[in-house]
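Two complexes come next, and they have one chain in common, chain A, joined by chain B in the first and chain C in the second.
Up next is the complex of A and B:
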């Protein structure tokens, strides 16, 4: 079981994509990168108060260079770290006190993290995932597609418990970009969820 | 008389039993009720509380036929394409009109079960699938007074560059607080409108400039602002009550808006794919019914000292009818399998519209051609009310118009053929 989002999860997803012949076949014509935006919500707050989730989340953010993490300063997510969890987000990961942060997270409310977003960028290209990594606010804004939504909706998608199309059509996730392209390549989208994401069980 | 050409289906005892059981229901319940409804002089009698229409609808719901197209994860019947095809052909054999009622019944909850989350699942889909008393009954609001079968054209993605050539639509939804407010008239040809409690409704959205800038929503009809017209008195499909619905400041919550931009213009055609398979299949059932009536009559009726079927001309007609029924079954079944795979199994929602539309056209045209020849074999008796064939002929003729005229359906398919082939 991997924590979403975490370094472990990203690595497992990349491996799953590499191994899945079904995904490679379904996405063989796909060209287009995604900027994914995960908005903090009540479930995120609840999950962060579990030590393993906090640790996984920090490992995810630690995939960004320090310079990128500095760009969160002044953003809602930067404020959550600095003002609610007691450490700036650009603090080196080994300096974070996971236990202390978990304890502080347990006192957070959904209101406290309103507007706090995590970003990751994925480059899907002809059946392979050339990159998947967390990014800073403002980076990869020119991505071909943007997919945004609350953490709880993201969990439903990456766990495979709900299909992407239902989440997007019911407004739980918002997809921006050339919709006709996505519609013509629905096999790739479905395979990404079913064969890649769902192949990495999350906790 | 029925012979299944596909050995996998023929040798499957479960499928054989399914066909037999469905056929028995069609023969013992649907067909007699359909004939009674057809002969009612006033269409108001068809929709009256004591009408056989309701008895049949309740029995169909008890048997789960209102759940064929609903996502199995949300209470759907869980049949595969072959099973759905078998059930629908048999029900269509009994009555295309009453089968249309159970078909349009499930369009809105089926769409909700496939695409929606949240309240609409709890408030609409769950009670709908559990209903065995016909407390819930759906209809499908597409065509409008100023925009008939054209509305189907707007659902074809390949036609989108030309959509502004059509009327921009009369039923409009506008944002109103957290929900939507709906205004405008749907045409007189909404199947089950006079009896329905809910409608799966096509609307346009601001700036209301074209039909593709639209949405599909579910609207409870038992509320202020909804006006229903009288059921239409018509030539055929008299057991399928049709009428208009007008909306005057009718409110729905936001999550009742099931398909909205940008998905409406790219995915609404998938509803048409599903309904087209449905129509092609039930009209295959009608074609078979007409063929069987003609074959039986041709064996019994003596002319020129021998049964009709002993005459070369009649033999030729019977052969042609047989060929149409069998080819219609094979074709509609194959297309049903394709649509089912793309919508219910792969969930890619990219079924081929040209194939689905052609299944509908082929099934309906076959039904009309077979019914036409069947009535011809009956001679003058075919024109009397003494035989079922005149009803089948009238129903088949109505089918060339219902759910989109075959001309417009063909035109929509042609746009897709030219773009995709």
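Up next is the complex of A and C:
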């Protein structure tokens, strides 16, 4: 079971996409990158107070160059790190005290992380996932599609418990971009959830 | 003018038209509700698509719609529509209607004569049963062609709803008048028409669209009314909504 989001999860998703013939076939015509925005919520706070989730989340952010991490300064997520968890943004990941951060996270409320967002960028191209990585605020703003929503909604999607279309229809996830293109390639969207994301069980 | 005494409308009999249409406002509907489900079609639909139209997506997508119109300028009636998402002559997305059923004669005649919607009369209903809404199509009475069971769970909104029901929602059908003396003196045209769906708002300003799980079955397939030709494995999304609507014709896209 992988933690979402974590380095392990990203690697497992890339592997699942590579292995899935159904996904490759369904998405063979798809061209378009996604900027994904995960907004912190009550469930995120609750999960962060588990050591393995904090460790996974730090491993995810560690995929970003430290220079990029500094771009969070002054954002709600930057404030969570610097003011609520006491970690300067340029701290190397191996210097993080996971236990201490977990303990501090357990004292946070949803209000404390209001507006705090994590960003990741994925490049889907003709049935392959050419890239999936965390990015800093402002990066890849020109992505073909933007998918945003609360952490709890993201977990529903990446676990395969609810499909992307229903989450977008209920406004739990907000999809921006050329919807005509999405409708034309609905099979790829469905396969991404069912064949790739759901193939990576999350904790 | 056709009648020596002057026509009283656009449909026959001209001295007592079965339906009429205000060209500017179209056909108007108030206080309607509908069940609609979107799905990916399995199997070949080429045999029921007219020349000039291609599926919009691969696989093609379809919609089954069952509605109640408590008031319209064609009277009160219910309707069932099977739709296929297609690319029209201009390459734009639209919905082609292979099958459509209504419960009154004015709606049937107007649909067939104005837009080429291949309407037939049938028994169509939406009933509240337990915690479900159940839409049904029977033709003739007792021969159940479709049962659409829906459980409203949460509100639907956002870009997907707008994408499936854009404003206006383009429709396509084939208007046909058989020839009389020889092939060529009849009429066969691909007609583009549209509906403007105005979803009702609740007191908080939210659209009254609900989504939830749905079950759609072709209970007793009939070769005489083969709505079951729109085969599917799984419903992508199902909704129940309350709305007002306007319907009008747009252009002849193709002569056959």
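Brief remarks on what is shown
Criterion: the second predicted complex is superposed on the first by the 203 of 203 C-alpha atoms of A that agree within 3 Å, B and C clash if a C-alpha of one lies under 4 Å from a C-alpha of the other, contacts with A are read in each partner's own complex, and residues count from 1 in each chain.
We take it that contacts are C-beta pairs under 8 Å (C-beta built on N, C-alpha and C of every residue); 3 or more make two chains touch, one makes a residue touch a chain.
These numbers were taken from a predicted model, which means no experiment stands behind them.
With both complexes brought onto chain A, simultaneous placement of chain B and chain C is prevented by a clash. By the touch criterion stated above, A:130 is placed in contact with neither chain B nor chain C. By the touch criterion stated above, A:162 is placed in contact with chain B alone, chain C being left untouched.
In the superposition on chain A, contact of A:186 is made with both chain B and chain C. Residue contacts after overlaying the shared chain place A:114 against neither chain B nor chain C.
Look at A:174: by the touch rule set out above, it reaches chain C but stays clear of chain B.
Of the two partner chains, neither chain B nor chain C is touched by A:83.
In the superposition on chain A, the residues of chain A contacted by chain B and by chain C overlap at 163, 165-166, 168-170, 179-180, 183-184, 186-187, 190. Those residues of chain C whose C-beta lies close enough to touch chain A in the complex are 40, 56-59, 61, 85, 93, 154-164, 211, 236-237, 239.
Taken together, the chain A residues at the contact with chain C in this complex read 29, 163, 165-166, 168-171, 174-176, 179-180, 182-187, 190.
Contacts from chain B toward chain A in the complex involve residues 114-118, 157, 255, 258-260, 262-263, 266-267, 346-350.
Chain A contributes residues 162-163, 165-170, 172, 179-180, 183-184, 186-187, 189-190 to its touches with chain B in the complex.
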